[in-house]
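Look at the two complexes coming up: chain A is in both, with chain B in one and chain C in the other.
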Partner chain A sequence: MAYTFHNSKELFRRAARVIPQGIYGHLTPVFTVPGSYPYFGAKAQGCRFIDVDGNEYIDYLCAYGPMILGYAHKKIDQAYYAQVKNGTCTSVAPALCVELAERLVATIDCADWALFAKNGADTTSIALVLARGYTARNKIVLAHDGYHGSQPWAGTNTVGITPADRSDFILMPWGDIDSFKGLVEKYQDEIAGVMLTPYHHPVFADQRLPEKNYFSEIRSLCDRYGIVLIIDDIRAGWRLDLKGSAHYFGFKPDLACFSKAMANGYPISAIVGSEKMRITASKTYAAGTFWFNSGEMAAALACIDEMERIDAPSILKERGEMLVQGLQDLASSHGLHVTVSGPPAMPFMRFSNETNFMRSQLFCGECARNGVFFHPHHNWFLSTAHTKRDIRQTLDVADRAFKAVKKHFGE
Partner chain B sequence: MVDEKVLARVYLHAVLPCLAIITGNNNAAQKIAERFNGTISFMVGLSGPRATLTIKDSVLTFVPWKIPRPDITLFFLNDKMVNRLFSGHAPGFVLPIKGFTKINGFLTLIKLLKLMEDILQKDGGNNELKARAMLHIMARAMAVVAVHEKESRTHAQHLKGSAEIAIRGLDTVHVDFTGETASFHPGNAQDPEFSLTFSSGDVFLGVANDTIDVMAAVCLEDMTLKGNLHMGQTIDILLDKIGRYLR
Partner chain C sequence: MAYTFHNSKELFRRAARVIPQGIYGHLTPVFTVPGSYPYFGAKAQGCRFIDVDGNEYIDYLCAYGPMILGYAHKKIDQAYYAQVKNGTCTSVAPALCVELAERLVATIDCADWALFAKNGADTTSIALVLARGYTARNKIVLAHDGYHGSQPWAGTNTVGITPADRSDFILMPWGDIDSFKGLVEKYQDEIAGVMLTPYHHPVFADQRLPEKNYFSEIRSLCDRYGIVLIIDDIRAGWRLDLKGSAHYFGFKPDLACFSKAMANGYPISAIVGSEKMRITASKTYAAGTFWFNSGEMAAALACIDEMERIDAPSILKERGEMLVQGLQDLASSHGLHVTVSGPPAMPFMRFSNETNFMRSQLFCGECARNGVFFHPHHNWFLSTAHTKRDIRQTLDVADRAFKAVKKHFGE
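And then the complex of A and B:
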């Protein structure tokens, strides 16, 4: 029987009285299919969570990325709790910060040093400061529809934003090397940095992997014009390659930002950089009250160890390929046309014969009401906790959801 | 920042046409409209927007251009004069360059505008009529700002397809976007790219008057969003802009 969401709704009514939007930011249910999705979770384990109505889901959002090894992972949680027993937010820096920085430098290909923060957005903002500090220039190039956080400069918010907040940002299409060439020629002495995701993962659209020479040409133009190359690896980081997504795609950025999957759900982020950026980083004041919390650092160390031990990227690729192939075969068997884009570890599926996502909304709504948590507009995430059995169960549910789409839309 | 040129267009091509809804659904408005049969054209400067209202047997129709040989032509020297008329200031600034003797038609128009203002702005009246009129005004205004307002145009150029807005059990309208143009239409869209449905007139008015938490209303299913929500986000930006113009 399909799920109902009585308790979610009731809790949401309470929430809406005391929290603007009820649930805000990326967890807002507005962009799912309200009425077919749960709003509040009760507990989570492995690749599954249970909502406040007692409905269980196989989760392909993984908390929008952080949950790479599965919810409530024993090793990571034990590392965290062992550390917080000894204090977590302290008056002096924790010894663990040295160990974690050394681990990042040893693991990530482009890292000669590391700074810690809490969220991905902290690090993208620091990256801009470092690029501007290094070059003594103002302008930053970003890609259209790229996501780097909700800060005023990042362009995701429209309320309370002034033209000055975005005046030194130039937008270009992601993946279009000629656009970048045109910009560096036009603004050559003004561009401090270019910030890009390692592959394009916008919402409401197919994902795009870089063409063979895209990043080598970006790197070469940055070197020629003295521009700092920043990779925002917050969403993709750790899922493609533990050495960083830039390593996966064969290039070295000057700065790279990580968070999400770094500590399997514990709040920590890091910006790492090459040798040439070290002195600028050393002159910069960057601080947040909780940026040196040691519990999260212990969780990050345990998470990196575990990801390395089990070779997480290869598991994610294998499970992702199984899911993607299964969905494509099922769609085809129903006479439906789907496009799956992005790497298998973070796929995005849409119906090829529509631009308005109505089939996707019906499909994902049907899946959610039957225990599979996909998102109709945002890329999905695999975790190493997704077993082949979970994926087979997912495909059973997807089969019924495709049937519903076929019945409603015909094609 | 309100652009007077855009505001004048919003008044002439979004607010003025809604007199038809008011007179079609309000006895007092019908009585006022009974006093005049004829056509009233509006001209702003030599190259500004045009519009014509036709009143026949207390039924109003609207076209966004000047018809040949109207009974009355109201000439506004500039956009500001249009805006003063519609915002309730100094109607005497308008020059009836034709049909000067048909003062009755002009007075009928002024009375209808005043009644519409009362219906739209006062609380406690016929909320269903108010919601329907506001729905049409906002959708028509969306088509205006998408083409004529600089910032909105930048956003609207990415919109392709129909955006349908409905108040359940009351009325449905849609705006067709092509990237370069935007046009208002009453009724359902054939294949909407995005649809927004309000569960009642009160919810719609709450959103229009900025007294309802829209995101929460969606989650509580007082509003339903379907289709291309990316388009919906842009529609939201346009509606916010309209709010600034009509505040």
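And then the complex of A and C:
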């Protein structure tokens, strides 16, 4: 019996009266498969959540990244509670901020210091300021289809943007060293920084890992032309390598941005930097009311402890490989062709012989209505709470969904 | 026995190695009185906190606004915990977001809809986008010395800012209707919006309440020239009037930004708007990983419930008046002249016959080293946890601090 969404729809009607779009941002239902996905959740535990109609899902979005150890994780929640009992948002800094900064510096390969904020986007925006302050230049190079937040400069919103918002940005294709070479030669002393994700995770497209020398060449061009290299590790951070995804791919950025999985869902972000950026960071005024909240810092420390203790990246890799291999085998068994891209901890699957994502919509919709929460055009996330048994159950559902795709579209 | 800060200093030395400035943003020690204030807190409860040296303070900063009901408030914390046990940051929106949006629309006078974010600054930045999207114009009018966050456009940071960051902004003096009239006549069809705080709360200066017709004239000029009126109620919101500070001062903005006291310290912010802004808000892509976290939403609902139940603004006014009157009487009794400005719930006191804040530094330093946490050049905040007894104790400490000021500076 496939799921129905009566309560979700009722609630969405109420939502539409008091919230523009009903649900906005990345959670908006128009981004998944209208009619096949729940709009509202009621309860989440481990790798599963239950929606407001009582339907249960094995969740491969993990809140779009933050949930890395499982929802409602006791150790992390208890660390949070224990801290909050003594106050979380206070008039002076908590002792815990020193402990967490020391921990990030000890853990993340490129970090000599750390600043805390709330959103990932707070840190990408601060990174621009630091690169510009350090170089006394204005231009920032970004990759087409890179995601760094919804703030005006980041290019994901089209309404209410002024020409000035984006006048200091230059776009290039991710992964193409010649493009970057061309830009630095053309603009040399105008480029303050280049901000890239450690691997390319666009929506509606295959993910791409960096070619062998991509980042070492980026690094040496940055050094040669005095450009600050910024890695936006907000989405991938903590899933590939606890020392940072840059470490995983073998290079050192000057600045790196972290958030999402850092505290298993508690709102915190951090920008870390190398020694050479410290004085500029010290001269910058960056502030937010909740940026020193100690509860989120306690959660981050507990989360990093736990990720280290269990070696989270190796578990995510193993489970991801099991999922990805299983999906590929199933697709073949039905005579279907799928392309799986990206690291197994954060895979993306599409049907190889289509560009309109119709098969993906049908496949993901079938999966959702049978208890497996994938996304048709955004990368997925594994958590350490996804057991082998969960993945086997997932593959059973996927098998029937592939069958539906074959029935509807043929091979 | 005045306080000493051995552990604070030790910890600060550690902090300085891993955090630029040691402590940054509004919590940086250089903003208070170096040597007289603690750097790090250990525990906060009610209206008090204890620093890492065991010194206790009656706190009139209230975390710079968020703490309105007392630190570690059981009802709010329990509402948060109860929600978090079922997951907080999840892959679909929580049912609670509808309840909270409905509540804001029912509570805040100018609200026909609400969007949630994390930082206050998220909402002021979204407000600019909405004003520009609605009007298809670029320029935004701000007041000199108004605070809307530390993002590049907001003017509080000077390092790493590009000309483009501020090219679409026009500054005017807060409270001067002729200046605004002059600007709208000069720029008329170029001005998208004007963003103002509901009363003026600069640092290093007296606070100013709006004159009788200021906002009604702003409102009618905005209507006449098609300009979006945005109120940044992040600092004052919830302390003057639960329907919003604009309601308190008798006018309706098109957009209003709230955060700080909305959830008693849990990180959440909201932008609310009038009907006419709804379609623009629906067309805008605004997203943050943690913006739909249900824990913070549960805390906000519990906080609004409690503020309504006890009529928080009336308590804050009464306690604020007692503090302010007491300070003025004490100053007079020592032959000193102080100027107290702003609403009693958020007062600011300075010594009338100085502009360099030396007396304020000595006064606040003396108070801090004797257990009362004021700020020499930033407005203070009352909470409902400040009892009459706390205020009497505060005035005892202030009496001795005034005496020290008189001894050092004369009358």
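Everything that follows uses one rule, which is that the second predicted complex is superposed on the first by the 411 of 411 C-alpha atoms of A that agree within 3 Å, B and C clash if a C-alpha of one lies under 4 Å from a C-alpha of the other, contacts with A are read in each partner's own complex, and residues count from 1 in each chain.
By definition in this document, contacts are C-beta pairs under 8 Å (C-beta built on N, C-alpha and C of every residue); 3 or more make two chains touch, one makes a residue touch a chain.
The model shown is predicted, which means the values in this text are computed figures rather than measured ones.
Visitor: Could you say whether A:Asn356 touches chain B, chain C, both of them, or neither, answering first, second, both or neither?
Guide: After superposition on chain A, A:Asn356 lies in contact with chain B alone.
Visitor: Once chain A of both complexes is superposed, is A:Trp113 in touch with chain B (first), chain C (second), both, or neither?
Guide: second
Visitor: Looking at chain A, which partner touches more of its residues: chain C or chain B?
Guide: Partner touching more chain A residues in the overlay: C.
Visitor: Applying the touch criterion given at the start, work out whether A:Pro66 contacts chain B, chain C, both or neither, answering first, second, both or neither.
Guide: Once the two structures are laid over each other on A, A:Pro66 reaches chain C alone.
Visitor: Identify the partner contact of A:Asn293: answer first if only chain B is touched, second if only chain C is, both if each is, neither if none is.
Guide: second
Visitor: What is the contact status of A:Pro20 with respect to chain B (first) and chain C (second): first, second, both, or neither?
Guide: A:Pro20: touches chain B and chain C.
Visitor: Given the touch rule stated above, what does A:Ile170 touch, chain B (first), chain C (second), both, or neither?
Guide: Once the two structures are laid over each other on A, A:Ile170 reaches no partner at all.
Visitor: If we overlay the two complexes on their shared chain A, which of chain B and chain C does A:Phe31 touch? Say first, second, both or neither.
Guide: Touch status of A:Phe31: first partner only.
Visitor: Identify the partner contact of A:Val203: answer first if only chain B is touched, second if only chain C is, both if each is, neither if none is.
Guide: first
Visitor: For A:His377, is the partner it touches chain B (first), chain C (second), both, or none of the two (neither)?
Guide: In the superposition, A:His377 contacts chain B only.
Visitor: Share the list of chain A residues that count as touching for chain B in one structure and for chain C in the other.
Guide: 15, 20-21, 23-24, 39, 158
Visitor: Which of the residues in chain B end up touching chain A in this complex?
Guide: 160-161, 192-194, 213, 215-216, 218-221, 224-231, 237, 240
Visitor: Where on chain A is chain B touching in the complex?
Guide: Residues of chain A touching chain B: 9, 12-13, 15-16, 20-24, 28-31, 34-35, 39, 158, 203-204, 355-358, 361, 377.
Visitor: Taking the touch rule as given, give the residues of chain C at its contact with chain A in the complex, in rising order.
Guide: 11, 14-15, 17-21, 23-27, 37-45, 49, 51-52, 59, 61-67, 71-72, 77, 80-81, 84-95, 97-98, 101-102, 104-105, 112-115, 118-122, 125, 128-134, 138, 149-152, 156-165, 167-168, 234, 259-260, 265-267, 278, 280-293, 296, 373
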